[in-house]
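Naming follows writing order (A, B, C, D and E), and every chain is counted from residue 1.
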């Protein structure tokens, strides 16, 4: 199976550590992840708010590029990019006329052979993942999926839309104890990160508070946007809540890297706003 | 030589306004074999029919074509008229020159020509018609009712009261079904058991009813009037004739912590048990899965304690074979807790329960003796949230259909809760309230307006626990889709009503069809809602689709009436429009080669194997044979038969072949 | 061929399409008089040989219509018919016989309007195709 | 035609082509062997270049020239219970030249005539026969299925032909004019023929020694009729199709069919005694229910009944039935077995 | 004696079977059916590339059936035919021994499960050449196909050799023999020939096991195999089914799936 990698803009910017940790983990697992050649922006929220054709054309071009070089699937770690690519693929395959029109627009023909994969799908396919675990992640963690990984259910067809389990199962394999909580798929505020920080403070605040109140020691995420809101917007959240909330927010790839014993630096943990203290990420030291 | 009479109807002006009926009559008269051709204003009127009858007698007609309206309208009328005049009714055909001609074309030569074409086609057909005799099938006047819930009980009683024998088979140790589990019933709030128990007793005591409880249908053969059913009586592990139902064994049984099916898992029962005190029959069964003796080989306490020595540990299952003439299927429904909505936490939080569990909590005979106490800690819930459509009407995550009973029972639940916990706060999350039915809407209004039930129109996104409360997150779509959270002590899900788990398997045993949700399929959604496509098998209650009690009872009585009608004759008389397999004199016997591909094509299992043997008993050949009791006359087998050995009466090879040729060859090929 | 009036035979089942065509009449919808109906109990009853007989007798087009899937009065006759037509069409096409002259359809008892539309569309198409001379030439004696 | 002196001439291939063109221009139907898709069979031709010369034998015999696969006997119309019959106009039947048939085929016409005119003349057959001229080409090769010499014929036998051509090589043919019809043809195109010279016909002919005497067969058959085991053994692999009869130049069984309804035609179609249905009675009784009995009938008819009743053998040794048989029922082999089984 | 001859000799000598239906040398270098009823005659059996006939045809003939229990030398298509006959109630289990000569001797199969296993192990698909010939046809265009078949059928004599050679045309009364009504015109004219050939193909749809004997039998060389193979492909493409794979009644035209294709139905 030839698997390509679509980083998207976040992974090259605000979420560099997601990319770094992913590549570090992939390397340690003995897998290469060639980037989709000449990739472009997926269009994100902006495109599909403005121009429906553009919203399909941008991901279509990415998919065509991947298909062209024989990639049977593309790993899209950013949940937002994943959503755009997945939805585009679905729409194009449902409607042959649309597919031809969009292919014409981007002057590249996507025939539908390349599948789109999110990070959780990719990781859960690693056989005997637990065998790679050197330092079991013996913490209570809150697995946070956000909106885009599991929705719309009819299109992504991944996990249970309201009560997903894939990340919980993965974290269990790493030795962690996922908590039972109610905010797995609640909205973090997402795109309002810039325009309505008050909303983000409220929504993300609820998420963090519930996780903390149930004893979680870390939030595990798989989306740059979620990470941004929960981590970078922590001062706003704390201000609104009127209290300090110190739970760290780490990417699933970082959690895996830690469990595999990779150095923190390589996993980009130092880039977080909320400090991830890792004197020794093992069972004895509880201060991640 | 054929002598066909053609009778052309004007239908007032319905036909004659666009078709030149005189021309049609004249053209028909020229068709070879037509001995008589007339037109008349209203052929279906008494004088019109008289015209037909007189002509049959006077002109000695061998066949009749009435060119008028659709045969679906008046074929029975004219066939009856022919029979009255002494002509076999199956020698009469209708040429549809109204619905298929005068009403759909403009006035003109083409329309008249088409009317002539239709008449010529039917004349060609009727020349090949054969006099047919109705089929008579003997009827065993015993009914088998499968399922002893309210529908099965009602059907059994109605059939038994009509004077026929009934065999009632119930899978559980007692009859009563879901209705026996209910607390009170909408919209009258009368006690469910109070109205049901007398019926149960009546069943037990009725001289015409044989009750097999703790029994299941093993297999079924035969056809309408002549079924042979094999019933497996599961071992109760005791001798029913000796057991007095004293209940000592149940009191002494050391294995006591088994979740009670009757209490929907909220109560406990011993390993030897009756499901509930009013059970019929009131004789216990040993649950071999949990019984200490069956698990470890030691105990036999009940055996020692039984005053009549009724316990039989080594009792085997027993197979009973019965001949029955009709079957009523009344196997009911189930409610599904499954993971349609895992985010509601059913199974994770003990205080998230389903409607049936709420019934048990509210029932005076339930695990809390009717006191409203929640399962987790026995606390009286101060706030209760009822979630309607927890699975129903949700094609994305649940099932697409409406479970029909939930709106009403949810209103009832909320009301019952208020009656038992006066200061309690009930909330109902709903999509729409569907309260069609006598006094139903009024009942719901009462809940909303007089009983203080808070109806919130919106869906619940999730239920989670916080600080010992169940937080119900949802939206109130009537208040601008505002998100709301309610901290509840108890959450009740109106889960979807679905088919019984074994429904598909049972349907296959009985050869009745079922829908995509495994509910049994009625023969026609409007006009034959009680029949199945298999003659002699009828439906009652929620095994067909979700239904409330009055509907189930009504259908049950309907099914009973169908059975009684069937049993009112010594023999079943049916139209002979069925398939027949060629039979000839020796040495051919039949042109059938016995490939039996027709068998797999027949939707009714009507094709049987017949062994033709010589006088010495030697097998000569095995050929197909149509069971006239089962065949419904679709003719699918006919089109499959390579040797043209199966033909269907009324639409025979010769008939349809003649029609095709006659239709296309204006005035040419009329031999 | 403006004056060409095609001959079209419709083989229909009694329970759905025949009743649907009755409804067309009851609703007084108009359609082309070139189509005449032959009634069958079920599409499952329709022998493929009858279609050949119709063509041999001079039909320019054929309509075969019955109950929608899952609506068959006999529960599965139409499913059997559908398989038969799949194979039969493939064979005719392979033999160079234009299968567009045979229109298969599901018309329910409630679809009076669909029946009228089906008949009109089919007649129009057959009119455009012209007489089925390719087949009709086969009539009579091949050898003098 | 027996006893008539044959007139010998020669003709070059080009002249033959011209002759054929002339026939066609006169409106005659010319049937000749034509190669198509690996098989050689009689078909209508308009030029000599279409004609095959290098084959041993055609798949079908030329009998359809006088006894077509299907032919209209008359047409009818029934109105008001009265039937009106319209006879065929025999004058419209085509003048036909069958070209390139083999001497065995030419001999077969005598058998057909004997059958069709046995108890009275068959108008249609006789009219066709009268309009048919046979221009035969002698055999330069034979194969293992040929046995004309055992049934009274030969690769260069003239009997039955109107003109017999023998390929002398280098584009030249010996033409033996053997009948009045032949002479008519010759007189109409005399300039195309040359003198015969002293061509050695025999050396050009296939060598085919006789393998059984026909008389011995007839005698043996008489004793074998009531020996079912013999026929079962012989016919076991026969699958009962009609291929042998349909390709046979002398098989003349037919079936009468009406086509149409009140207006229609009565048709004569080929049939075969090898079919189980051939002798099936309306009652359901079949006097020849077994394939072995039908096989026996076929051989008896050709080698016993016809010599006895019509004084002509029903087999000309063309070997077509054996070549056409899907299961290799080799008639020669069976006849030899019969001849040898002579009690 | 080779393995096949030895096997046949043994079966006859032990009276396990009464006749071995196999191949022997025939005219013109071709093989022909040979009915071996004596052990001594077993040495006449041959098995090589000339042995093409589907001998299962003889199992349906009363003259052969009366000989007693048979062993039948079976080619791959013959085995499929046996299973198809079983599925159509024409062959009882263990009533016959199918002899399959192979590199490791002669397999002798009598149970349906053994036949099914053997068939499952062999190649039952149409060959690449067969498929490409059909594709060529599909590409020819409607008119060209019509002309082709009209020319082919115009030669048909209605001798029914195709039918007689086909082991699945075992009907004791064929549709062509029905005259009330007369489904197929008796005369071998264009219409009669077309209708006969359409009917023959339709009646074999979902049943034909592609032995090719109909085409080999046709004296005038009509390529009937094309029709059969076309329908084999259609049945497989549309219903994902293949004849002759199982002894259970599993006829693709008398069964159905609710979601069978229906894009051609309005």
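Just so we're on the same page, contacts are C-beta pairs under 8 Å (C-beta built on N, C-alpha and C of every residue); 3 or more make two chains touch, one makes a residue touch a chain.
Every value quoted in this text rests on a predicted model; they were computed, and no experiment measured them.
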item: Mutual neighbours - chains that touch chain A and chain D alike; value: B
item: Chains contacting each of chain C and chain D, listed by label; value: B, E
item: Result of counting contacting C-beta pairs for B-E and B-C, higher pair; value: B-C
item: Approximate Å spacing (C-alpha centroids) for the pair chain C, chain E; value: 34
item: Centre-of-Cα separation between chain C and chain A, whole angstrom; value: 57
item: Mean-CA-position distance for chain D and chain B (Å); value: 71
item: Chain A: positions in contact with at least two other chains; value: none
item: Per-residue overlap in chain D, given as positions that touch at least 2 other chains; value: 69-70, 267
item: Residues of chain C whose C-beta touches two or more other chains; value: 48, 53, 76, 80, 84, 141-143
item: Chain E-touching residues of chain B, taken from the complex the two chains share; value: 588, 591, 593-601, 622, 640, 642-645, 653-654, 657-658
item: Complex contact set, residues of chain B against chain D; value: 32, 584-588, 661, 665, 668-671
item: List of chain E residues in touch with chain B within their complex; value: 88-90, 170-175, 178, 180-181, 183, 203, 249-251, 253-255
item: Interfacial residue positions of chain E with respect to chain D in the complex; value: 26-28, 30, 32-33, 35, 53, 57-58, 61-64, 155, 157-161, 163-165, 177, 185-189, 213, 216-217, 219-221
item: Contact footprint of chain E on chain C as seen in their complex; value: 48-49, 52-53, 56, 69-70, 76, 79-80, 82-99, 103-106, 118, 134, 137-143
